[in-house]
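For reference, chains read A, B, C and D in written order, and residue numbers begin at 1 within each chain.
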Amino acid sequence: MSEQTKANFHGQGLITESCENAKELYNQSRYGLLQEDGKLRLSLVEGLYLLEKAKIDIFDKRKHKLNFDEYLKKASKHDPNFWIRYVVFKDLRNRGYIVKTALKFGADFRVYDRGVKPGEDHAKWVVYPVHEGSSLTWYEFAAKNRVAHSTKKRLLLAVVDDEADVSFWECRWIRP
Amino acid sequence: MSEQTKANFHGQGLITESCENAKELYNQSRYGLLQEDGKLRLSLVEGLYLLEKAKIDIFDKRKHKLNFDEYLKKASKHDPNFWIRYVVFKDLRNRGYIVKTALKFGADFRVYDRGVKPGEDHAKWVVYPVHEGSSLTWYEFAAKNRVAHSTKKRLLLAVVDDEADVSFWECRWIRP
Amino acid sequence: MSEQTKANFHGQGLITESCENAKELYNQSRYGLLQEDGKLRLSLVEGLYLLEKAKIDIFDKRKHKLNFDEYLKKASKHDPNFWIRYVVFKDLRNRGYIVKTALKFGADFRVYDRGVKPGEDHAKWVVYPVHEGSSLTWYEFAAKNRVAHSTKKRLLLAVVDDEADVSFWECRWIRP
Amino acid sequence: MSEQTKANFHGQGLITESCENAKELYNQSRYGLLQEDGKLRLSLVEGLYLLEKAKIDIFDKRKHKLNFDEYLKKASKHDPNFWIRYVVFKDLRNRGYIVKTALKFGADFRVYDRGVKPGEDHAKWVVYPVHEGSSLTWYEFAAKNRVAHSTKKRLLLAVVDDEADVSFWECRWIRP
């Protein structure tokens, strides 16, 4: 029987205890970043995803165990766009993709092709999650495409509707 | 007597508490998306509509109860076109229609015929809410009609005037 | 063998000679307005249509016989939108519809259902021919619909593209 | 040596004289629409392009020969978006593509692959020319993609900057 891994919430992410389960989350599905001390450092979206899947228990600083809503509220304080990003992360993870942050590429996420683990090959897409109600200037659109082009990835626009459904559009800059 | 359902505002939508009222809002009138944990996930337009009808109480992250104006201001930050969309949503809901998002069809809303619930039958219309002061190229007009035609729905143009009255026009492409 | 009917061009229209052919153009297909003196009064679009069909010969004030381009140039001087209106008139006439002016209804044309002659029944559509490159305010759109609604006809928007192809959209004001 | 073909400007387009050059413009590069009388009917964007290439001379109703600026001013009166559309048309024509109107598909232009003539095969892209300063809702973006998808063409967004440079992005809806 597998106990749930404990993790502590701290502002920008989580740190789990050091245990076999934590190691497996990293080795099998590349959740988080495995530290040398055996603890797993998880991002905010990874945390909620594993909470919803009942893979981890999450505690705040006062040792209070967080439920879904409490977590969502806390995470949204740190990242006003957290919900939209989470919906897209979840959608792609549920489809079998490994999704990692892409801050250093100037995007929200990078996504690896099915069966590919980070490090084995380059990411396939950089992903921008947005809410259907927002709008876009062509300057922003061009910037997103440039980021993808310059990192040799494809641009994936992930638009979240009010029912938390995600529509995906792949774009690329071309010289016709 | 029925207490008002509590809901938490988070950026792009709301989540209610799990209770009988929440379940009824979904089962009877298809507001939101009922989660497995019994909580109801509401869109921004649904939230304001139920607030105005005094069906729910909405709280921000700091446990402050939002009134109509505070909500409108918050929602408009996330969606610059929120007011126009809300006016059309409200008008159609008041007439007894179920109105859901239609981003994946390339429109703002899809509307079901009276007495029809999503899932039971196809939507009747795709709806484009616009402000009377805006204008339209014929390419845009043709594109909206093509969207409706290709999804086998009718096109409903909803033009909102400065008194928040809505005029509706149904259009279709024909070969005379 | 039937000689071509002679017609004189005068600014806003044409007047034919009085002859059997002229009478037939009116009786069979409702071109123009048959005067008591047996002459046929034709509109500018009717004139070019019958010229293109080689049913009439048209002469200017100096007794010069006009060809297609000369006529088009002359007519466009009186009506800057002549070409667009002509393309739509021709398209509908070629499809077997009788097309008459609708100035008194506040539109360009009124169109009778196939097999119906003016006088026998009401027109089916009021038609607005426009060029694809132009644009439209919602006030103009509303006005066109109001005209159709108040005259108990349907609104037909006829958009002409750069290849002189016409796309038709039927619109109606509804209370959903 | 080849004389320049004469063409007459009338509101929404041009008509050339009937001559070998006119025929060649159509047969070799599919400019305009060749009429039965040997005259070529050109669209507004085609007209300016051929004027700039010194292939035709264009005259207004008063027999005045139009230069580039006079033409641009006249055409912009009929189509407020003429300049943006012209820049994109020119860019694509210069790259060797045949570009025709696409109103009936719900877009501005359709573009054929290199070496393909209209009629021989389907168009490759539907094109939307926009100015870099404008912005876009996700509903509009979704609608443009839906139009392309439903006509089995690819979507090409052509964004024109203030120096009349065009950037192209190809987009498509995907299920990842």
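The definition used in the following text is that a residue touches a chain if its C-beta (ideal position, glycine included) is under 8 Å from a C-beta of that chain, and two chains touch if they have at least 3 such contacts.
Just so you know, these numbers come straight off a predicted model, no measurement behind them.
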Once the contact rule is applied, which chains count as partners of both chain A and chain B? D
One copy, chain A, sits on the other, chain D, after a C-alpha rotation whose size in degrees, in steps of 5, is 175
How far is the middle of chain B from the middle of chain C, if each middle is the mean of its Cα atoms, in Å? 44
Computed distance of Cα centres, chain C from chain A, in Å: 62
Per the C-alpha means, the centres of chain C and chain D lie apart by a whole-Å value of 28
Of all the residues in chain D, which ones touch at least 2 other chains? 81, 103-104, 137-139, 142, 145
When you draw the chains as points and link the ones that touch, which shape shows up: line, ring, star, complete, or other? other
Which of the chains are touching one another, listed as pairs? A-B, A-D, B-C, B-D, C-D
Residues on chain B engaged by chain A in the complex (per definition of touch): 8, 10-13, 15, 33, 37, 39, 41, 43-46, 61, 78-82, 85, 100-101, 103-104
Going by the contact rule at the top, pick out the chain A residues touching chain B in the complex. 68-69, 72-73, 76-77, 80-84, 131-135, 159-165, 167
Residue ranges of chain C in contact with chain B within the complex: 92, 95, 97, 111, 125, 130-139, 141-142, 145, 156-157, 159, 167-176
So, in the complex, the side of chain B touching chain D is made of residues 81, 103-108, 128, 137-140, 142-147, 149-151
